[in-house]
Structure formats: C-alpha cells, structure tokens
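Here subunit A shows up in two complexes: once beside subunit B, once beside subunit C.
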Partner chain A sequence: MTQNRPKVLVVDDAATVRLYHTKLLGDAGFEVAEAANGLEAVEAAMSTAFDLFVVDVNMPKMNGYTCVETLRSETVGTPAPILMISTEDRAGDADRAYAAGANLYLVKPVDAERLARVARMLTSGVAA
Partner chain B sequence: MNPLLAQFLAEAADLLTQVDEGLLQLERDPGDPELVNEVFRAAHTFKGSSGLFDFPELTRLTHAAEDLLDAVRSGRLALDSGMADDLLAAFDLIRGWLAHVTVHEQLPATAGPAAQSLITKLRGPLGGESAPAASDSAPAPSAVAVAVRGPDWLDVFDAEWLEKTASWLSTTSATMRFVRYTPDEGCFFRAEDPLHLMSQVPAPAVLALIQPFEWPPAETYDEYQCLIGFALATRAAVGELNHLFRYVPDQVEIVELDGDAIRRHLSGEEPPEPPPAVVAEAVVQSQAENVELARDAYAILAAAQRSLTVDSPSGARLSAVARSVAAAASALGVPVEAEEPDIESLTARVATLLAETPAPAEEPPPVVAPPPAERAPSDRARTDDPGGQVGTRILKVDQEKVDHLMELVGELNVAKNGLTFLADAAEEEFGSRVLGRRIKDQYSGLHRIAEELQAAVMDVRMLPLSVAFSRFPRLIRDLSRRLGKTVELVTEGEDTMADKDVIEALGDPLVHLVRNSLDHGIETPAEREAAGKAPAAKITLTAVADGDAVIVEIADDGRGIDADRVKRKAYEKGLISEDELESLTESDAVDLIFRPGFSTADQVSDLSGRGVGMDAVRASVEKLGGTVSMRSQFGRGTSTRLRLPLSMAVTQVMVVSVAGQRFGIPVDLVVETVRVPGAELGRVLHSDVVVLRGEVVPVIDLARALDMPWTPDPAADRAILIVSLHGQRVGLLVEQFHREVDVILKPMEGLLAYAGEFSGTALLGDGLVLLVLNMKEVLSLAARAQ
Partner chain C sequence: MGLVRRDQQPAEVSETPAVETLLRQLGDPDPDRRREAALGLDGVAEAVPDLLARVGPETASTVRDALLTTLAAHDTDEVAEALAVHLASDEADLRTLVAEALATMPGSVPAIVPRLLQDPDHDVRVMTAMVLADLPHPGALTWLADMIREDPHPNVVTAAIDALLPSLGPEHTELLRDAVGRFPDDPFLRFTVEAAVG
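So, the complex of A and B:
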C-alpha cells in the first residue's frame, strides 16, 4: 500500500517565508500547497481537504484570524489542525488565535526541527 | 546563492520600494490611515522574511522602524519630516546592505554600528512616548541614573571578572548594563522562551544562571516549571534592553554600573557568600529528542486548554481541538480510542493530561457515540472532491526567456519574408502565375499570425511608465531640500505602456532633465515670490501614447530660458556666427542648448555637472530612435518633450536600390514616393530641387552621396523618395523602389561601427544582408559632396 502524504497548506504573504516553510515541510514528507493571503487559503480549502494549515497573521485581503475563523465556520468547516505563526509574541495574540480556532500559536521564525515535529504530531491521526 | 536567499532579495526589492513610495506620500498626507497601514505591512513582511536569515542587524533595524510606524498607525505619534528622514535613511541603509548581501551573502562588517546609530534615532520618539507607559508597569525595569552600588545578585558573576571589568570601566570612563531576568514559573505555558530571549541581548559580555536556593525533591519535581533565573552583563543600551524585555517588565531588573559602583559592591562589609556550584548535566540525544517531543505535546495541550477557556468551541473548532488533543496524547504515549467532541469531557481530559504528564493517564471514560449533527461538518470536509489547486494569477518570467521568444519572433518574420521571394521566383523562373498567387495567399495568412504573435510578445515586454517615474519623488525631495527650494512633483499618465528596454534607456535622460530643472530652471522661493509666483514650484512628468510612439514630457514653472543670453553664450563659444546671432529665432535659440559644449551655468554645480548633459540627452534619445524638442517661455517655465518608439525590436524599412545595390530606409521617415520626368528637376544655387504641390523640396542624389557609380538615364522618369527629417522634407534620388519589410535591425560591430551612414544591418528573406541607412549621416555626406 502506498503511503499517503498528509497535505499541508502554507499561508503567508511573504514569498520568502512560504518558500522556507514549504521546503521544511516538504523535506519532512508532507505534500505542501501555498496561499499568499487568507482569501486564497479559504478558496484552496474549499476545493482541497488539507490535513494541516500553517497560517500567518498579518496578511492583505484577509488576515490570519479571519482566515482561521472562516476555515472553522460553515463555509469551509474543516476540522484539520491549524497552526498559526506570527512575529507578534504577546499573550493576547495567542488567545485571539485560539478564539478564532487555531490549535497552536508559534512565534516567527520557527525552529526548523520544531515545525516539522509539531506538524508530524498534529497530522499523526491521518490514515496511512 | 541558495534559492531561499535569492527569493528573499527579489521580494525585498519590491517591499522596500513600497516602503519608500509610501513614506513620501505620507509626508504629504500624514493623516491617511490606509497609507500608514500599507507602509507598516510592507516593513512588517520584510522583517518577517529577514528573520529566516542570519542578519541580526537587519532584523533589529527593521524592527525599530516597524515599531515607529506602528506608533504612527495607532495614533500615538504624528509623522514629521525628521521621522521620515530617519525612516528613509534606515531603509536606504538596508538597501545598501542587501546589495552587499547579493555579492557576499552576508552583511557588511560595518552593519552593527551603522544600525545602532539609526536604531537610536528611530527609538527617540518612542522613548519619550514610552516613559509614561513605563511608569504604569511596576516595578520600573531600569534605573534612571547610574547606581551607586551594585545589587546583591551581582554575586553570581565571578569576582575576578568583576574586578577586571571595574578597572576597565574606570579606565575608559564607561558604564555597563547588568540585567537580572527571573522568568515566571509558568512561563512555558505562555510560549515564552527565556533562554531564547536572553540570547537576543546584543553585545553580551557574560551570561550566568541563577539557580534556586533549594532544588525541589525528585518525586515532586516538575520539569515544566521554570526554576532558573538569568543574569547578564552587556554593553547594550538601556533603551534597547527595555525594548527587548518590554513584554516581561515585571520579571526584569536592569541596572547601569560604572567601575566605582562595582568596586563598592565587591568591598561590601559582609564577605559575599560563595555562589552555589554549577552542575552541568549531560543529556543524551535520544532523551533530548523525547524531551522536545514532550514539550511540543505539552504546548499543544496547553493551547487546547486555552482554546477551551477563551471560548466555548463547537462544530469544526471542537473537532479540531479534540484532534489536536488526541495527537498530543498519542505523542505522549497515552492511547486514545475515540474522539470526545463534548466540551466537558474534553476539558477534563486536557486537565488530566496536563496534570499527570508524564505519568500515564487514567483509563479513558466510557465511549459515547457523538450526535449526528456534530459529525456532519467533518464528513463534508473529508468528502470534498480534491479539485484543481487555486493557483496565483501572476507568473514571473525570466527576462532572458522573453528576450529569446522575441528573437524567435523576429526570425519568424524574416523567414516569412522569404515567401514573397518564393512567389516572385514561381512566376519568373517557373512561369506559374497560379503557384505564385497561392504562395502570396499563404504569405498573407502567415503575416497576420506573425504580426499577432509579435504584438503579444511585445506586450509581455511592456511596462507602465510608472516604472521610470517611480524614482523621481525621492530624487526631487532630496535635491530640493539640498538646494533650499520647494518643489511639488505631479505625474500624469503613469499607466502608459512602453517597452522595457525603452523604459530602462529612458531613465538616465529623465534624471538629467529633472536635475537640470531643479538646479537651473527653478528659482528659490524668495526669487519666485519677488516674481509674483507661488513659493512652491511645480514639476510635471507626463506620459501619453501616440500611435506607435510614447511621448514623455518634463515641464516646470521655473524661470525659463533667456533666448538672448543663450545666443550670446553660443556666440562666445564659437557655436554660431555673428550673422546667426542676429537672425536666429527664439525657438532656434532654445535649440542651441542641445549643441555639444554648450552651457549657460556660470557657476558649476556638482548636481548637474557642467551642462554638457543636454547634448547627451538628445544623443541617447535619438539612439533609441526618438526625438527631443524643447519649448520655453522666459519667466514662465520650460517644457522638454521626448518622443520614443513603442518598441525597438522590429523596424519597418523601405527597400530601395541604387547602382544595383539595395538599402533600407526606416519607414517612419518616409513621407511618400514620387516619379517625376527628368525635365522637372530644377537647380537652385548648388542643389537639385523638385516642386511638389507648390513646395520646393531639395533632392539628394543617393548614389553620389554614397560615392557609387550610377547615372540616371536622361530620358527616364526619376524615382524620388521623400523623407522627413527634423520637420524638413528632403528628396532622395534612387534607381528603384522595392517594398516595405519588417526587419530585425542589428547594430554595426567592430570596424564597421565607424561607418556612421549605416544604422545597422538586417537579414532579408532571400539571405541578402541589407544595409539600413542613417539618414542624418547620409544628408551630411551629401552636403559635403556638393
């Protein structure tokens, strides 16, 4: 039986950060897609069932919080884990992420090994 | 260079341009919240990307700029020119660093001190603002003045090191900052990383750990409780430390000490207690990995607990929390048999896992089937068809690939032209008129396709003129301040499209014209008011499409050109004769500015050189196949107009022959072709002329001009090509007209580059190399041949 690689959507308006996360997660064995803002992410999620989302906070068109809320709302309704990553490291920011529906909040730049570890952990329930 | 760095540098250029443009607009319209937001976002995105690389000064400087912008956008500060200057200087410095990184892949050695100087300036306005905020948080994190005596916790530092440091500080009359950071025991649950935070302190001298007075017994030891404090000596500024620890001010104590203060501490009445021995414990790699895994799992559980506390999740959010809890439990080795979507049992489970980790959890509670409504969203998500990915609509293409495609299109045009020769051959050599006609029909179809393909490819190379205009707001701002003048820049028609090569070649002429306008054209505010003008001058950059050309105009409302002064200066420099001095019209006089060696600036300025640039401007524009013209009203302003071809790739030429040799003449110069009886050619003074519809047109014998042996048959009609050069019509006597063809013009190279009468060569469809004439030079040759 062939191994199904979990699908991850990396959402960040900085092309450099997207490239960085895409490479890390790709090397860790994930199938990675990209979105440049929250709106693109919602559109992608409506046509593809992702197993994990890695979402930035500050983005044009639709920011990370609204994006996560929309992913959790009836519009998309994904139960997949959402990992939010931001350069903002205040306590209130994390709470806002959790209120929107995120499952973990990390501060940029994320340690490469930690990102891979957390991603593997959060997608460990995906059927092989 | 690794691709991630290359991507970063490409993106950085875009983001820094956004910042620059935004800041200049903000100076004009400080109250625009949307504009501040845009600038902040560009700086913020840039900072986030820079954090991926080992460029600490870059990230710190950007962070300082971002904090200032954040204060502006939240309304705490109003942007003024000083702040704009500092921000522009910061991003200029960053731009220079990135140029260095492009070559060396690391920041220059001078980055640290250069960044520090600007960081101090950028934090200046924030410093004043943060003073009341600091008083709100207790205790105040920093001492206002140098402390008289060191705090007790200074004992954690080695006494010998303290003694040496005290000597050094006294000798250099310097001070040093000492920081004690006592993280909260539960800091890990707030995603704080005390060691990481300490490692961010710039210019550290010594870092020491403050261990607890007594370690807890092993059976009650909780490795997720932070029991260690930190003490650090650093040369960083107090303001910078305050900023770094701004989120944990209650856990930080910062003192500034000089040598005397340290000595007073060392010579305290009671001898210091020896510090507890530091025991370093080796950690096996596999154990470290398990610890890391457990820490991550714990972070996820803490986040889940936070999610359940902040709000009561339901639906997809509840399912997601349950899933993440199951994942963390699995990583901790606690088996989970089913999802538990109800909030109460999930909350209890999370609490249990957090409390008992790494102890094994209790038996899971009995499984309850989830209600169907809860299952619906996840079912729908799972059964979604994996449709096509939503991709971006923008495709970045290498310039080289587009250029290659352009060359292929050009060669397709050349190959296409071969069909016309084939049609001729079919009729003349094989006597088949039917075949010739069919070939011509095929040629028509191919010609249409080739033209559309060429238009499409050239469209790819089209850029808006805003690309060329975007540098001028900044240039004008800097120069006008330096010159003590007030200038407003107005741009119109920036959306006009032109070829990328044309736009790039346009850059230098435009810069020169703008500099000249600022330096020589525009008066000082005092002069302007004396002349009854508004103190602020206006420079207008306009772009407009005109058929197959684009017109760019630079106009100012400055002093204009004094035609009399120009004529006098030209006469003094020997550019014109005394007769011309008397007879030149005002517009002819203005044109003198474009002569080489001309300059009316009596004092040389380092901004625009010695005025020789105007002939360089005309030369570079004409090299592009364009023209330059200038109009001026003394006392009211000057306007310079550049007309440029839309594209330089494909040239249409009219093929003519003389003495059996074929030549090309650019079609845009051709007015018409006429045949006149030989008798109608007249002679005026030393030139042949022909009268066309009442106009006397001089005629140049092309064969004589090119020194070729050919004499027209006296009895035959004369074939004359009428061309327009600088608004003047000239006739060109040739042997035969041929056809118009599209050619790829290639410049002459090597020794042939000195043959000025040819602007280049082109390959015809039948393999013949066509020489394309430079009409200006040909007319000069003809004049000398008279």
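So, the complex of A and C:
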C-alpha cells in the first residue's frame, strides 16, 4: 500500500457511476483515479501501482471480466484487490467475477457506508 | 549464364471465396479463419441465418465482433429480433457486444424497443438503455424519458438517466426530480440526479 492515501482506480463506462464512486471513495479517504473502460484501466495499471480496483461488468471495448483477467495476467500482474460492482444480479455473475480474479462482487447500488467499509477491508488485507 | 526458359506463370489473381466456402469456414477451428469468413460474408443476405446461428456458440471475442458487424449492416427485423435475445445472455461479453451492434441498427431496432421496455428481466431493460444511448433515432430520447418516468426498477432508471445525460436539457429537470421521488431510498439515483440538475 502507498505511504499516504490508498490509491483506487474506478473503472466504469457510465460517467455518473464513476463520479459517484469517486466521490464516495474520496470522502472515505482514498486517492481516486478513473478509467472509462477496460483498456484504459489496463493502461493505467501498467503505469501506476493501485491499491484497489473497482470495476464495472458491462463496458464497451473490454468488459469487466476480461479487464479483471487482464489485470491478473502475467502482462499486468497486479496483486491489488479487485471489487466488481454491477447493475446486474444474474445467477453466475458473481462466480464469473471470482473466476476472473475478483476478490468481491457487489450489485449496485452500493451505499456510501458499505462501499467505504468494503474498500477499507480490501485495502487493509482483511478478507471481505 | 544462359537464358533460361521459364513456363509462363499466370498472374496472381485475388479471388473472393465463394459464399459456400465462407459458410463452411465459419466453423473452422482457427478463430482467424472464422473471423475472415464472417467479414467476407458482408452483404450476403443468404448467409444471415448461418451468421445468426454462430453468434451464441462463438467463444472468440474477435469473431463475435466480426459476426455482429456483418449482421448489423443488414439492419433487418430478422437480425434485430434474433440479436435482442442475447441481451439476456449470462455472458457479459456477448450481451455488451450485442447492445453495441443493436445501437447501430436504427432501421429495425425501433420496432422491438417497446417490447424490450416491457421485458420482465430488469437486466434486459438496463441493456436496452445502453442500446438507446447510442441509437441514432429520433425516438431514442423519448423512450429513455419513458424509462425514467415509468420503469419500476431503480437500476433501469439510473441507466436511462446516464444514457440521457449527453442530451439533458432544462425540460428534463422535472422528470429527473420525479424519479428521485419514486426511489427516495436509492442513494445513487439521488446523487446522479443532483449531479445532473444541481
């Protein structure tokens, strides 16, 4: 983890969702960067050591599962925890997220208190 | 060195493979060959049923992308109906690519939008908002407004609001505030509306 505030990358194609999660995590004491799709996230991860990724599922160019798989691949190889948040709660989505390499899968909307609590747990190495 | 007589070689001619060849190639084990076939069948109406049949089982994202690009160019009711089924897919890659393809089909998709807006699966309605976000059709904004006004699921309403954002005007303020009133306990919806209209 970084010396100061933990760094989080919020990955979502919806501008309002990025803004919402950025505000909630910023208010909770995190340093937050944003990516609008999976490709941007992978590029960001190759140049910055993030402490947490918050990743949407449905995104253009590279969907969330592929993004997580790429983040966990040898090419990027991030050890940071990954939280996937989706508007959808289909059976199997969570399993797919964990298989890709996510640490936790939540369904939107996630309220401020819960998101902050989960982010703190994940970035302090406590199993969620 | 003496002169060497060479048999005259015919000039190399690049020929487009026959439709039957390309249809067979859609089942090739090599994804590059399948992709090549899918793109090669661009504009071939008789290939549509085969192309549609390949969309679901196809596992390579690049091939799916090629299949959907070729199919979307047809922009027919048959293609729109068949592709829309995949908006309910359990595969994120498939449903996202299909939503992107449907958004490029303004000729045929409008006819199925009313049914999609009534789909009992709210996840399908969320994907429909994604389609409408990019569909170049004069009715798209009206349908998004209808979703915001009437859909019973907050995630569908927030997806519709997000899709409407680039076109948001003062005329939408009351619509958005009413949506907050319908879902007073949804923090994200409230935040989204406040960010949009202040």
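We adopt the following convention: the second predicted complex is superposed on the first by the 121 of 128 C-alpha atoms of A that agree within 3 Å, B and C clash if a C-alpha of one lies under 4 Å from a C-alpha of the other, contacts with A are read in each partner's own complex, and residues count from 1 in each chain.
Heads up, the rule we're going with is that a contact is a pair of C-beta atoms (placed from the backbone, for glycine too) under 8 Å apart; a residue touches a chain by one contact, two chains touch by 3 or more.
Keep in mind the model is a prediction, meaning the values are calculated, not measured.
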{"item": "First (subunit B), second (subunit C), both or neither touched by A:Thr87", "value": "both"}
{"item": "Most subunit A residues touched (candidates subunit B, subunit C)", "value": "B"}
{"item": "Which of subunit B and subunit C A:Ala14 touches, first, second, both or neither", "value": "both"}
{"item": "First, second, both or neither for A:Asp27, with subunit B first and subunit C second", "value": "neither"}
{"item": "First (subunit B), second (subunit C), both or neither touched by A:Tyr65", "value": "second"}
{"item": "Touched partner set for A:Pro109, first subunit B, second subunit C, both or neither", "value": "both"}
{"item": "Subunit B and subunit C footprints on subunit A, overlapping residues", "value": "14-17, 19-20, 23, 58, 60, 87, 89-91, 108-109"}
{"item": "Residues of subunit A defined as touching subunit C within the complex", "value": "14-17, 19-20, 23, 57-60, 63-66, 87-93, 96, 108-112"}
{"item": "Touching residues on subunit A, where the partner in the complex is subunit B", "value": "12-17, 19-20, 23, 33, 35-36, 40, 43-44, 46-49, 56, 58, 60, 71-74, 76-82, 87, 89-91, 94-95, 98-99, 101-109, 113-114, 117-118, 121-125"}
{"item": "For the subunit B and subunit A complex, residues of the former touching the latter", "value": "3-4, 7-8, 10-11, 41, 44-49, 51-52, 190-191, 247, 292-293, 296-297, 299-300, 303-304, 306-307, 310-311, 313, 315-317, 319-321, 323-324, 326-328, 330-331, 377-378, 380-382, 384-390, 392"}
{"item": "Touch list for subunit C against partner subunit A, complex", "value": "61, 90, 92-93, 95-96, 99-100, 123, 126-127, 130, 154-155, 158-159, 161-162, 165, 186-189, 191-192, 195-196"}
